[in-house]
Structures are given as C-alpha cells and as structure tokens.
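Here subunit A shows up in two complexes: once beside subunit B, once beside subunit C.
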Partner chain A sequence: MSEDILTVKNLETDYSLDNGGFVRAIRSLNVELQKGETLALVGESGSGKSTLALSIMRLIDKPNKIADGEIILHDSDGDTSILELGENALRRIRWKKISMVFQSAMNILNPVMRIEDQFIDTFEAHSMPGDYSDRIDKYLTIAGLGTKVRRLYPHQLSGGMKQRVSIALALSCEPEILIADEPTTALDVVVQREILFELKQLKTSLNLSIIFITHDLSVASAVADRIGIFYAGRLVEIGRKNDVIAKPGHPYAKLLLGSIVTLSTERGKNLSSLEGSPPDLSKEIIGCSFYDRCPSRVKQCLSYDLYPVEVGDNHYVECLRAKELLESTV
Partner chain B sequence: METLINKDKYGQDYVSRDYLLQFVDITKIFKSGHVRNYALDKVNLSIKAGDSLAIVGESGSGKSTLGLVAVNLLKPNSGKIMFEGNDISKLRGSALRSFRRYTQMVFQDPYSSLNPYNTVYQSVSAPMKANMAYYESLIGEKVDSRDKQRAKVAEMLDMVGLVPGENFLDLFPKKLSGGQRQRVALARSLMLRPKLIVADEPTSMLDVSISAQVLNLLARLKRELKFSIMYISHELGTSNYISENMAVMNLGRVVEYGPSEEITSRPMHPYTDILIKSMLEVGGFKTEEPLAKIDFSQYNGGMVGCTFAHSCPFVTDVCLKQRPLLEKVDGDHSVACFHPLSH
Partner chain C sequence: MITRRYLVVRTTYAIVTAFIAITINFLLPRLIPGNPADVILFANYHYIPPGKAKLLEAQFGLTTNNLGIEFYDYLKQLFLHFNLGLSFSYYPATVAQLIESHLPWTLYLLGVSILLSSVLGVIVGRWIGWRAGSRSESVTSSIFIGLTSLPYFWLAIIFILLFAFMIPIFPLAGSFAITVTPGLTISFISSVITHSLLPIITLVITTFPAFALTMRNTMVNQNKEDYLMMARARGLPRHVIEKKYAARNAILPVTTHIVLAFGYIVAGAFFVEVVFSYQGIGYLLYKAVTSYDYPLVDGIFLMITITVIIANFLADMLYAILDPRVELR
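And now, the complex of A and B:
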C-alpha cells in the first residue's frame, strides 16, 4: 500500500445560479492521490473534473462555494487541511506544494511580458530563494525548451512551446503535486505525444504526483497509473489503468470505451453511443445518476445508496450491479 | 489521382464527369504585411462521384482552407475547381446558386453556425424556401403550404435523429445541446439532398460519446442518401472511419493520397508515418520509440523543396532543391516524396 499525498473526503462543490439555487458540480466525492503516481480523471464536459482541480487549488470564487468536505495534503510538514487555510497560508501551498497546468496555455501567459519576466514574477510572488536566472534556465530545459526562449514574448512561441512554458512555470517552484487540466487538448497529435512523454519522464525524475484531467481515455491511458471515471459530479469508477480499460465495471465506462474511434475501428460500424443527456445537477438526484441512460438498469438502482463496490484489487465501481455485470461478460 | 503539377498542359484532358470534384493546381495565398503565406500550394486532388475523401493534417496545414475553396466560399489565387466537369470559379448568378445546391458545408462549431435568433424550423427550412422550385422537383410533390413545409422539415429532423422532429421545430438553438445542434446543422445541409457534404471537424467540439452519435449518423446517412463527404479532420481514426480515401496535408501541400487503409497501415511519407506513430491508443502510446521532432519554424511559404525537409530524418540534397511531386507508387496510393518509406 503506497502512501497518500492528498486526500479528498466527501467533497461537495456548488455553483450558484441566478435564481438563488445552485448546481452541485461535485457530489460527495472521495478520492486520494498516492505519492508518485499519475491519477488520470476522465469525464465528459460538465462532469466536474475541472471543478475538482479548482477546488483543490481553492480557486472556487464567491458566490460559488465548497459546501462540504475536506481536502488534506500530507507532506513533510504533516497534514494540512487546505479548506481551512487563510489567504496567506494558501499562498505557501499554491505553486510551492501544488501547482497547475491549464488547458489554454495561451491565456495564462502575459502577452506583453518576456518569458523570463513571467518566471521572475512567479518567483517573487512566492518568495523563492536563490538565483532566479539559473532557475529559469533549469526549468526551461527540463520542459524541453532552449534557454533562448527566455528572451522571447509569448506571441513568438508556437502552441506547443507555450504549453511547455506553462509546464516549466508550474514546476519552477518545486511542487510535490502537479494538477494538469487538459494540458494537451488544444495541441496537434505530434506535439501532444511529445508533451505527454515529457510529463511522464518528469514525474519520475522530479518525483511528482500528478492529477491529470482529460476527456480523452487514450490520453489518460498513455500517462496514468490509475484512472478514475467521472460522471455527473461523482467518481463512478477508479482503478489501475489496465483494469479500468480491460475490465470496465461501470456501464458508463463501458459505453465510453466503446465510443472511441481508433484506426482499427471498422468503417461505418455502429459505434456504441450514449443517448440522452446527463442529469440536471441543480436538482437532488436519488440513487444512481446514470440511471436514465443505463442499458443495465434495474428498479433497485433508484433506491440504492451509492457506495463504491470493490470489483478487483484496488478497483472500485459505483454500481449496484457491477460484480454481476463483470461476471456475465467474462 | 493524376499528377498534374509541373506539367505545361493540364486541364481539359484530365477533367472528367467521372469526378464529382477536382482541385487543379489550387494555390491560395494569405498575405500578412510583406509575408505571403501559402495556405494551399498547388493542390491537386479529386473525388469520384459517390466516394468520400478525408483531408487530414495538423493545424496550419491548409485543410480548412481547402474545404472553403471546395464550396466556393473562398476564391483561390490560382487553379481551378471543377465540379462535375465545370469550373466553379467561373460561375456567376443563377449558375452559382445552383452549384450551391449540390455542395453544402457542416462547420466545426455548432454554437456559432446556427443563428441564435432563428428557430430550428427557420434554420433548416431556409435552403428549401430559397430553392422551392428545385426542392419540389427534387421530391416530386408540391410543398405549397406552411404545414407541408413544416412536415418536410420534421421529416428531415427525424432522419438526423432528432425524434420526433416536430417537437424540435420551434426550439431555439440555446435549448439544444452541442450534439443536437450539430444534428440540426446536418439536417440543414441535407435539405436539398446535396451531392457533396464538406464537413470541417464536425465532431471535434463534442464529447466522445456524443461524437460517436454524430459519426454513426454521418456514416448511416452517407449510406442511405449516397452523398460524398469531404471530411476534414486532424484525427486519423475518425477520418478512416468515415472515408475510403485519405489525403494527408502538410503546410499547404498534399503529401500523400490513397485508400485510407493503405495510408494508415503502410504510410509512405515520413510525415504521415510520424503522424500515425504519434497517435494514442486506448492503452497508451502507439510506440515508445523516439520520433523525429517536427519543426516547421524554418518554413517560409512557397518553398522550392519539400515542406517537410527540415524535420525529415531521411532528408538529402534533392529534398531541399526540388519539390517532390505527388506520384502514384502503388495502385491508387500516391506520395510526394523522393525517399518514400517501403514496407
């Protein structure tokens, strides 16, 4: 059993609506990140995967709020409850303990600042000690960029280079945890592969623990040790990469896997697709949130109190019929 | 696929009614200041009636520009686009309007391709209303009342999987999900039973499961209504799923063309090879071996040599001095490379 570095317990995050109501984007979520692993969280738009990232970074702004739960960081300083920290204490966590790479690298860089100044800005904000210049060169090199890049402006860089700069920035304060939210979605396949490779190597060389958020199961399976599947604000399945891909237990995970088109997909073949849409998260959901769209539903699903069923070694599925369905497919 | 480039005489001899669409030496230059960017650099491609063609390439390869040229929304600087043997760049007035009946476009972003102030009925019925006489002759009946028109639109909506169609007629786009909007856009484009649909990344903005629905639909409608698709995508998997033929573009040029299976299983251009090896599979990387880094920063438009020369692991002198022509190598498989890969 490896050691956990981050634990999320019973997290509930709400986005408020104009009419006074709210959308519960994350519903009693429990997940832990193990030291040195890459945990890929996969889900479709609106499933809450990015909201989890923002909740961990405490970037949920008023009037939206984290309604309940705990997020605990376990590191050399002992346990820190992130949700209880004040702004100053938070600043010591952000970027130095947990940092983040965003999807739109173009938007996180200041267009009128040289790359090196953006690094210096970051170092000053987090009062990093030491020689800034060396540090800039070090992290640009780590992210696979030449040191010449430091004198350039963002518009002189390609999309892939900008994403590398944002990875370099995220790593520059030596965090233990990196949250990567769709870091390659806007990139072409060739560059995507390079960046994913890079991240995989950095994880080992810098001893990082990574939460990797993506909508693409093939991207997830390229980088992850474990994969978690999000649906309607809940983690419906989590397990080791190969287990989730080879033996998905949740009907949603199964459909998701069947809807992926690869080169070996036969032309014009009927792809498994999901009819309907996810449930309205502004209303209370009783029972399984996938019920309406599930091909394997039974009446009991609606009255079932959700809990993860262990279907294999470290493989959990939030489905009443998970075991039975897995056995029937074997 | 004929090789037309660098020949003194081209045109009539190659132009045939067997082809639905032919691009003949198409060049499109976008100027920014003094810089001339060759979005399309002497592109030669053709689509046979009833066939489909996928245009794959990375961003900046010119694939979307080619799509806009195909439907005459963008005029090339030089070259001809032949639709059923007629040069469409010469079309004016009513001839141009009738050409537009035969080719329709589905755009990438279903959030901006539908007018938010128009109901589904207004959007989908627009092509029919603008071409009423044509539409009536097409289906062989009078559609002279509003009820009949609504019924026809509802029928189309049923066909694209918005069932029952009549429930969707009076909705505004904001009430629809991305997948539903893309279905509406598809219904609108199919209203006049076109011969060619140009679909530019029609699923790239959609979630995987929704994208599967739209791809299923596109494949089914293609079979039932027998139209050709020019499918533009950066994604080789879906391109192969939709289309029998594939053209790979790199910086404004077609570098490889042929049956999709051939290209994806036995790529001959080093660029295509890297593109395919870079794809991810469910399970992880396709190959762990290091691939050549692609660097287009050396590129300046209208190059003498091969556009890929600066990144190519097999580059020789000739690649820098002379443009490789797209030539048939094996059956219908053509490649523009002096050192094609053998398998």
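And now, the complex of A and C:
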C-alpha cells in the first residue's frame, strides 16, 4: 500500500441557515489521498464535493464552519494538522503545499491586474526562489498558453484561457497536492479533453497528488486512479477506478453508472433513473442516507450505524447489504 | 488604458455637451420675467424714465426682441473675442473681469474640498469596509449615515454660530481679512487659509461620508468575489488582499459616485459661499441673479458648465486608467 499524503478524518462541515439552524454538508467523512495518485470524487450537485475541497483549503467562512474532524497533511515537514493552524502558518500551506483549480475561472482573476502581476504576488507571498519572469513563462507554457498572455488583463482572455491561467497559477508554486474542483465543467468538450490530457501528463512530470472533483463519471474514469462516490455529504463508495466502474457495490453507485450513455450503449436499452431527491441535510439522518430512494432497502438499513464494508481489495462500500448485493449480481 | 479612439470620442462628447450647455445657458435667463434696464433705473431714480430705458436697452443689445439674432451675436462674441459682455449690475465691469477675479476663490474652495473628501472617503471607507460587522464599524457607519443627511447651508450656519460667533476662533465672513493686502505674503496667505477653513470643513463633512459609505459597501461586496477567495487560497497576506484586491476594485464604483456627485458639490460650494460671504463664483452668481444681470448669469453658468465638463472629461480619463476593462461600447 502506498503512502498517504493527506488524511481527512471524521470531517463535518456546516453551512448556517438564516433561521439559526445549519445544513451539514459533509457528514463524518473519512478519506485519504495517496502520494502520486489521482482521486476522483464523483457526486451530484449539493453532495458536498466542493465543500470538501473548500474545507481542505480552509476556505469555509463564518458563519459557516468546520464543526468537527481533522485534516492532516503528511509531507517532508512531518504531519501538519491543517485545522489547527494559525493564520500565518495556514497562509504558507495554501498554494505552496495544497493548491486548487476552482470550478469557474470566469471571475477568479483580479480584473484590474495583469496576469503576470497575479503570478508575482503569489510568488512574493511564498518567497519563491529564482527568477519570477522565467517561472511565469514556464508555467504558462506548461498550461498550454503563449507567454504573451502574461502582459494581458483577465478580460482579454477567453474562458478556456482563464482556466488555463488558473491551472498555471495552481502549479506555479510547485504544490504537492492539487485540488481540481470541476476544472473543465464550464468549458466545451474540445478544451475539456485538452485540459484533462495536460493534467494527466503534469501529474506524472510534477509528481502531483490530485483530488479531482467532478459530477461526470466519464471524466472521472478518464483521469482517476481511484474513484470515490459522494452522496449526501458522505463518501458511499471508494475504490480503484476499474473496481468501482466494473463492480459498483453501493446501490447509488450502480444507478449512477447505469445512467450513463456511452457510444457502446445498446439501442433501446433503458437507462436507469433515480426517483426522489437527496435527503434534507439540515435534519439529522438516522441510518443510511440513501434509504428513501434505494431499490434494495431493507428495514435494518434504518438502524445501520454507517461504516465502510470492504468488498474487495481497497474497495469500500458504505452499505449494509454491499456484499450480498455484489454476490447476487455476479 | 486610454486609447486614441477613447480620447477622440470622449473629447467629441465634451465639445457637443459644451455647445448644448451654451445654448441652454443663453436661453434660460431670458425666460425669467423682468427687464434689467428697468431694474437699474429703478434702483437709481426710483421710477423709470422712458427715454433712459430705451437708451440702456439699446446699450445692452436688448432692442431686437429676436432671440435668434441675440444668440448669433452671443456666439460670435464668445468664440471670436471671448467677450461675455458687460455686467448690468457691476456696470461698467466686464463679465470676463468679474469671473476672472472670483473664479480662483471658488476653484480653490472646490478643489481642496473635493480632493479632501474623495481621499478621506476612500481611506475611511476602506478601513470600515474591511472591518464590517465590528462594533467600531457599525458606530462609524451610523454616524456617517447621519452626516450625509445634513444640508450644507445648515451646517455652515451652525459652524458660523459656534466657531465664529460664540467661540470666535474663525473669522465670520469673507475670503481674507480687510487689514491685509493681497499678494504673496505670509500674512495674506495665512489669512486666506483661516478664512477658508470653515467653508472647506463644512463641504468636506457633508460630502465625504457618502463616499465612505459607498466605499464601505463595495469593500464588503468584494468578499463575495471569486478573485478574493482565490487570493486567499493563494496564501496572499491579508494586507495585500485588502489593498491590491479588495480596495483596488472597490475604488472603481466609488470613482463613479464621486464624479456623479460633482455637480452636487459645486452647488453646495455656492451655498456655502453665500452663507460665508466668500467672494467666489457662487456669491457672484447670487448677486447676479438677484439683480437680473443676464450677461453675468450667463457667463457664470457657462463657466460652471465648462468646469464640470472638463472635470467629467478628466474623470473619464482617470476611470480608463483605473479600470483596464473600460473601453468604448
């Protein structure tokens, strides 16, 4: 088993509501990122994928809060508990150790600063060594942009170019972990393919560990080493890409996979669909959160104290009937 | 970025606006009922001798009863000779002379007030905006909301009463003491400064809180911007984010606000001049209007218009420098 670089333990993140209550967007989540891997996190909107990304970066702002849990970075400096860091120490971890590509790049760059100045202030914040100018050119080139871009303002760039700039920025301080939060969702498929391809190459050449967040299973299967399936703030299934895709253990994962159209899908075949909607996260959920919509539910699911069941080598499923269901399909 | 095209189009706009303003300025005083010749004669003789009235009207060029011809003469004199005519009430002084002697006082008053209130508004607004939600911020903001609702002239009267009459630390009126002779002497300059302090403070106190509140609100909204979150994610120090990201972007709408408030400040300065008997354009205008002095009113309006147009033009240029996205649409 390979070495972990980031461990998330029992994480709970809450969004506060106007009426004084809160929505628990992440529910006692456990996940670890291995060194050098790409972990794709897949789930529908509102399932907590982006919240996890923001929690790791500690970008959850008041009145919202990380209610519980630990996030630990394991690197050459030893173990760092991210949630316990003071403002300055946190500032130094951000971008230098863990950087991020945000979902929408449209408004992510300061509109009144030239691209190069936004690189330079990042370098200055982390006292990066070497010639800043060379470094900017290097990473713009890596992200597939010309070096002329550095003199431009954000409004002079297209959406795809902005996303490339944000990738270049994310890589420019040589982070160990890159969190990519739906980096290609806002882009057309041609640009999407190019960017995914580049990310894949960069991972190997820069020795990155990547958390790749997407709602698109086909994108996930294109980039990932492991896939984690999110549902209602929990990771309901995680395992190696091929295991999850070929033998999904969780009923939700099965339905999700069954809903995808591929070129090889037979004509006339019914795609699976899912009735109902995810549970209300502002209320306490007892037992399995998928119970209401699950085709394989049994009474015991409601009293089931959730824990991951190992159904294969490094393949975990958070379902009481996981083993039983897997055997029945074989 | 100021491009050549931007410059040309903005200049054209300024010129067209100026021409329209000149036309309106010519027409407006002529629509006021009354006759200046009668006013002068009545003031001197307490009745209107018919022959003298005709004579004066002829001298003032009021014989044709034809606005078109009067306008043509007016434009010709204005553009060819910079001749704004003779003042009726300060006869035989020319309008140009009167404006020349009064304008510097107003420009000084206005320039200092606008500069101070913009700078103060931006700095204070940035400070309270970055601390929004704290106790000191909510107290300051509430006070500012109160200050924005004070009328200029009211505050001016209160200030005179308090700081010139009851506690006489400032002079009551005028733009310099009658005991000093104008010139580049220390006594004259210090007299000018002490006389201008109360008017300037009045103007600044009634204008800068509105700028500060705009700046505060835009600073608060900056927190919702993606680029601000990105700046934090990049690990930039807090002061860098405040200065180069939040304040730098928040200043753009504030600039617009200041420019829009420009006319309002000019009007305020005029009120303040009247209250303080400060010998600027506002005071002169007040005198001119009350004595049916058409040419003087015209000349002053023209002056104000040109000043505001020039200021707007400069503001356009400033905006283009501040915001790289400003281009012609």
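Methods note: the second predicted complex is superposed on the first by the 324 of 330 C-alpha atoms of A that agree within 3 Å, B and C clash if a C-alpha of one lies under 4 Å from a C-alpha of the other, contacts with A are read in each partner's own complex, and residues count from 1 in each chain.
Basically, a residue touches a chain if its C-beta (ideal position, glycine included) is under 8 Å from a C-beta of that chain, and two chains touch if they have at least 3 such contacts.
Only a predicted model underlies this, so the values are computations on that prediction, with no experimental measurement involved.
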item	value
Partners on subunit A (subunit B, subunit C) - clash or fit	fit
Touching partner for A:R91 - first (subunit B), second (subunit C), both, neither	second
Touched partner set for A:S99, first subunit B, second subunit C, both or neither	second
Subunit B versus subunit C as contact partner of A:L255, first or second or both or neither	first
Subunit B versus subunit C as contact partner of A:T204, first or second or both or neither	neither
Touching partner for A:S221 - first (subunit B), second (subunit C), both, neither	first
Subunit B versus subunit C as contact partner of A:S76, first or second or both or neither	neither
Between subunit B and subunit C, more extensive residue contact with subunit A	B
Partner chain(s) touched by A:S328 [first = subunit B, second = subunit C, both, neither]	neither
Lowest C-alpha to C-alpha distance for subunit C against subunit B (Å)	7
Touch list for subunit B against partner subunit A, complex	58-59, 177, 207-213, 215-216, 219-220, 222-223, 234-238, 240-244, 260, 264, 274-276, 278-285, 291, 293-294, 297
Partner subunit C, residues of subunit A touching it in the complex	57, 59, 61, 87, 90-96, 99-100, 102, 104, 106-113, 121-122, 125-126, 153, 155, 166, 169
Complex interface listing, subunit C residues touching subunit A	223, 225-227, 229-238, 240, 244-245, 248-249, 252, 322-325
Partner subunit B, residues of subunit A touching it in the complex	44-45, 158-159, 188-194, 196-197, 215-219, 221-222, 242, 245, 255-263, 265, 267-275, 277
